[in-house]
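Listed below are the structures to be examined.
Next come two complexes, and both contain chain A; in the first it sits with chain B, in the second with chain C.
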Partner chain A sequence: MLEILPEWMKDGIGDDLLFWLGYFTNGKHLAWYASVQYTLLAAVLGAAFALLFGLGGATLKNSRWLPLRLIGSGYTNMVRGVPDVLFFLFFPLAFEQLVELIRAQAVCTPETLADNAGRWPPCDAANWYLGTNEYLLLACVSLGIVYGAFTANVIHGAMRSVPRGQLEAARAFGMSTSQVLWRIHIRQMWVYALPGLSNCWMLLIKSTALLSLLQIADIVLWADRLGAPNYTPTAGLVHPDWRWQYYLVLLVFYILLTFVSEKVFAGLMRWAGRGTLVARS
Partner chain B sequence: MKTLILAAAATLALAGTAQAQTVRLGTEGAYPPWNFLDDQGEVAGFEIELGNELCERAGFECTWVTNEWDTIIPNLQAGNFDAIMAGMSITDERKESIDFSENYFPPDPSMYVATAGTELDFDNLSGARIGVQGATIQAAHVEATFADDNTVLSFETADQALADLNAGNVDVILADGSYLQEVVSGSGGALEIVGPEVMIGGGVGIGLRKADDDLEEKFNAVIAEAKADGTIDALITKWFPEKGDGPFFTE
Partner chain C sequence: MDIVSPILTDLQLLAKPSLFNVYFAVASIPAGFLFAIFMALGKASRNRLIANLCRGYVYAFRGSPFFIQLFMFYSLALAFNVTLWKPLGIDWLILHPLFLGPVILTLNTTAYTAEIFHGALQAVPRGELEAARAYGMSRWQQFRSVTWPHLIRIAWPAYTNEVVFLFHATALVYFTLPVIDDQKDLMNKAGELFERDYNAFLHFSVAALYFLLISLVIFAIFGLIYRRLMRHMPQVPRLRLAVRWLG
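Then we have the complex of A and B:
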C-alpha cells in the first residue's frame, strides 16, 4: 500500500510512523474499513423494511375491521416487547429451518431421512446454505420487523395528530377519500412522524452492531479479529489484547454516524414542514 | 407466500445440484500457524495450504469459511460447511458426532506453559488457575485431571488464554505443542514450557459429517497420496520449523 510513496516522502515521515501507517493500511485493516458497507447497507435496507412494515402495521391499526386491527396491535405489542438481540437470533434461524422443512418434503427420500435421523436438516439435500448475502438480507428483514413495530406506532400516532379540520376542509373542497388520504392526511402526517422516526432510525443504526451475531464480517467482527491478541510472529504483528482500542474507534464511528443522521433529519423536518405552522415553532 | 417459498426452494435445490463439486472448508482462522488471517485479511497457514493442495488433487472447488471454534462442529452438521480443517484432534468423543479422515498431522504432545520462573508441582497441583481453550482435548484433560483442587478457566481462543497468562490472570495454560513452540520461542524468554508433556488425541484429521462417506473416501485417498510423496512432510517442516525435518509420514 505504501510502496507508492516516493523515497523522499518516506524519509520525511520517519520509520516509526511509516510502520504504523503501513500497519493500519494492510489488507486486514482495509477489509475492516470496507466492512462499513455492511453496516450502512443494513441500516438503509433495514430502515426501508421498517418503513414498509411500519406503514403496513399503522394501516392495520387504523382499520375499521376489528380482526385487522387486532393483528396490527398484536404485531406492534409483541415485537416491541422482545429484545432486538433475541429477535435477531430467532428470525433468521427460524426462517432458515422453515425453508429447510418445506424443502425436505420435496427432496428427502425415506433412506436419506433415516440416515440423518435426529439431526437437522432432515436430509442433506434439504440443506439451505446461507452465505453473507443471505444472512445480510435476513438481518435487514429482522431489523425491519423489529423497528417496523416502533415505526407503526409512530405513524399511527402521527396520523391521528393531523388536525381534523384539515381533513374536513379537504372533504369540503370535494376531494375523494383517497385524495384526502394521500394529498392531505399522509402529506401532513410526516411532520408529526419525523421526530419519532428519527428516534427509530437512531435505534436501528445502533442495532446494526448485531450483524456479527450472524457471522457477517462487519465492523464489529473485524474489530474483534484485529484487536485479538497474537503471539505467533508468522501470523503478523505480535501484540497483546488490543480490543478496547478498536472498540473505541467503533464508538467514535457510531457517534459520528448518529450525529450526521441528526443533521439530515433536521433538514428533512424543515422540508416536510414547509408551509405549515409546525415548521416555524 | 407459500408458493414463493417453494419457488425459492426449487431454485436453491437446482443450484445445489449444479455445484456438486464445491466443497466448503470450515476453519477457525485464529490458531496460528495452523490457520489464521494473514496481513491481507485472507485465511492462511498450514491447513490452508494443505487443504488447497488436497482439494486440487481431489478435483474439488474449495472455498474457506471461518467459524468460531466452539460452534464449529454444530455448524458442520447444520451444513454451513462440508469439512473441518481447524487443528482438530481425532478423539473418540468427537467421533460420536462426526467422522474424521485419516490424520494429516501425527499425534502431537500437549504442553504446559507458564511465565518464566513459575514453580509448579504437577503431581499434587492445587490452588492453581489453569487456562485452556474451551471445547479442546486439553480442556477435557485438565477438567478430568485437575478440576477438583484447581480453577480451570476456558477461553474462546488459544490467544486469549495466552493474553491472560501474560496478564497474570492464570498461572499456567495447557495447549497443543505445535501451537505453543513458536509462541514460546518468540516470547524472548518471558514464557517457558513447564511440567510434563501430555499425549492426548489421535493426530489431526479432517472433520466430516457422518453421512458424507463419499467425501471421506476421496479425502482419505488424496491424504494417503500426499503422505506418501512427502508433500505433507514438507508442509509440516515449513509451518512448524520446531518439529524438524521429519520424516513424519514417509517411510
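Then we have the complex of A and C:
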C-alpha cells in the first residue's frame, strides 16, 4: 500500500509514522477494513427483511380473522420473549437442516443412510455446504425475523395513530378500500412509525456484531485475529496482546454508526413530518 | 415417535444451566439499579463537567453492542493480568467469568437504566418540588419524599423491560468469557447438546422456552412490585413489554 506514496512524502513524514502507516495498511488490516462491508450489508439487508416481516406481522395483527390475528401476536410476542442471539443461531441451523432433510429424500440411498445413522447430514450427498455468502443471507433473514417482530409492533401502533378523519375523508371522496389503504393509510403511517423504526434500526445495527457467531469473517473476528499476541519463530514476539485496543476501535465505530443513524433519522422525521402537526421532542 | 420424553429430558438437562443466566441477571441488577440512580442524577446535574461525563458514558454504552463491550472489557482485564491482577493476587477473582460477567453486565445496564431514570426525572412535577422547597426541606428530604417516589413510579414499566432485556443479554456472556468446568449457561448447554445429536429444533426450543418462562416470571414479579408502588391509585395501569427504546 505504501508504494503509492511519492518519495518526497516518505521523507517528509518520518520513519516512525511510515512504519505505522505501513503496518496499518498491510494485507490483514486491509482485509479488516474490507470486512466492514459484511456488517453494513447485514444491517441494510436485515432492515429490509425486518420491514417486510414487520409489514406482514402488522397485517396479520390487523386481520379480521381471529387465527391470523393470533399468529400475528404470537410471532411478535414470542420473538420478544426470547433473546435475539438464540434466533440468530437457531434459524440458519434449522434452515440448513431442513434443506438437507429435503435433499436427503432425493439423493440418499438406503445404504448411505444406514452408514450415517445417528449423524447429520443423513448421508454425505445431502450435505449442503454453506459459504460466507449463504451464511450472510441467512443471518440477514434471521435479523429480519427478530427485528421484524419489533417493527410489526411499531407499524401496528402507527397504523392506529393515523387520524380516523383522514380515512373517512378518503372514503367520502369515493376511494376504494385498497386505495384508502395504499394512498392514505400507509402513506400517513410512516410519520408515526419513524421514531419507533429508528429504535429498531439502532437495535439492528448493534446486533450485526453477532455475525462472527456464524463463521463470517466480519470486523469482530478480524479484530480478534489482528489483536491477538503475534509470535513468529523468526521475529520473536511481534506484538503482545493488543486486542482491547482493536475492540475499542470497534466500539467507536459502532458509536459513530449510531450517531450518524440518529442524525439521518432526525432529518427523515423532519422531512416526513413537513406540513403535519406532529409533536416533536 | 415419542415427542414428550426428549423434551422432558432436555428440560432436566437445561435446568442447571438456566440458573447461570439467572445468576448473571440477579448479580448485576441491584448494582446497576444503584449506579443508575447516581448516573441519572449526574446527567441532570447543573455541573457541566459531571453532566457531560455522565451523558458520554450513557451514550457510549447505549450506542455500542453489548457483544463488543464484553469482548473489550474481557481483553482489557486480560491485558492488565500480568502487571496488575497477578501482583495483587486477585487474578482468580477478576478473570473469573462469574465475577467479570456481572461487572460488564452492570456497566451496560447502568447506562440503559440511567437513561430511563433520567427521562423519568424530567417528568417529576415541578410544582411538587417547589412546594417541598417552600416547606424548607433539605435537598436530601426533597429527593427522598418527592423526587424518588415519582421517579420510580414513572420509570418502573420501562425499567421492567430493561430487566427482561438484560436477562436476554446474559445469553451472550459465555460467547466471550471462558467456560470453567461445567458452569455452562443455557446457550452453551443447548449448543453442546446440539453437537451431540444435531437436533437443533429440540434443544434450542427448550432453551427458548426457559428464556420465555423466566422472562414471564420477571414480568410477574415486577408487576407485583408495580401494583405495590401504585397502591394509592384507584386503578393500576398494566405493564406492557416494549422495545428497549433508544433516544
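Note that the second predicted complex is superposed on the first by the 273 of 281 C-alpha atoms of A that agree within 3 Å, B and C clash if a C-alpha of one lies under 4 Å from a C-alpha of the other, contacts with A are read in each partner's own complex, and residues count from 1 in each chain.
One rule holds in what follows: a residue touches a chain if its C-beta (ideal position, glycine included) is under 8 Å from a C-beta of that chain, and two chains touch if they have at least 3 such contacts.
In this text, all values refer to a predicted model and were calculated from it rather than measured experimentally.
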* To do: Check the residue A:Ala48 against both partner chains and state whether it touches chain B (first), chain C (second), both, or neither.
  => neither
* **Which of chain B and chain C A:Phe90 touches, first, second, both or neither** => second
* Where does A:Asp124 make contact in the superposed view: on chain B (first), on chain C (second), on both, or on neither? -> first
* Superposition-derived comparison: chain B or chain C, residues of chain A touched -> C
* A:Ala31 contacts which: chain B (first), chain C (second), both, neither? -> first
* Does the superposition put A:Glu262 against chain B (first), chain C (second), both, or neither? -> second
* Looking at the overlay, does A:Asp241 come into contact with chain B only (first), chain C only (second), both, or neither? -> both
* **Partner chain in contact with A:Cys200 - chain B first, chain C second, else both or neither** => second
* Considering only touches as defined above, state whether A:Asn116 meets chain B (first), chain C (second), both or neither. => first
* Structure fact -> Shared chain A footprint, chain B vs chain C, residue numbers 119-120, 241
* Once bound in the complex, which stretches of chain A touch chain C? -> 77-78, 80-86, 89-90, 93-94, 97, 118-120, 150, 153-154, 195-196, 198-200, 202-203, 206-210, 213, 220, 223-224, 227, 241, 243-244, 247-248, 250-251, 254-255, 258-259, 262
* Going by the contact rule at the top, pick out the chain C residues touching chain A in the complex. => 59-60, 62-69, 71-72, 75-76, 78-79, 168-169, 171-172, 175, 187, 191, 194, 197-198, 200-201, 204, 207-208, 211-212, 215-216, 241-247
* Please name which positions on chain A make contact with chain B in the complex. => 26-28, 30-32, 98-99, 102-103, 106-107, 112, 115-116, 119-121, 124-125, 127-130, 215, 225, 228-236, 238, 240-241
* Structure fact -> Residue positions on chain B within touch of chain A in the complex are 5-6, 8-10, 12-13, 16, 24, 29-30, 32-33, 36-42, 44-45, 67, 77-80, 157, 159-160, 162-163, 166-167, 179, 182-183, 186-187, 209, 211-212, 239
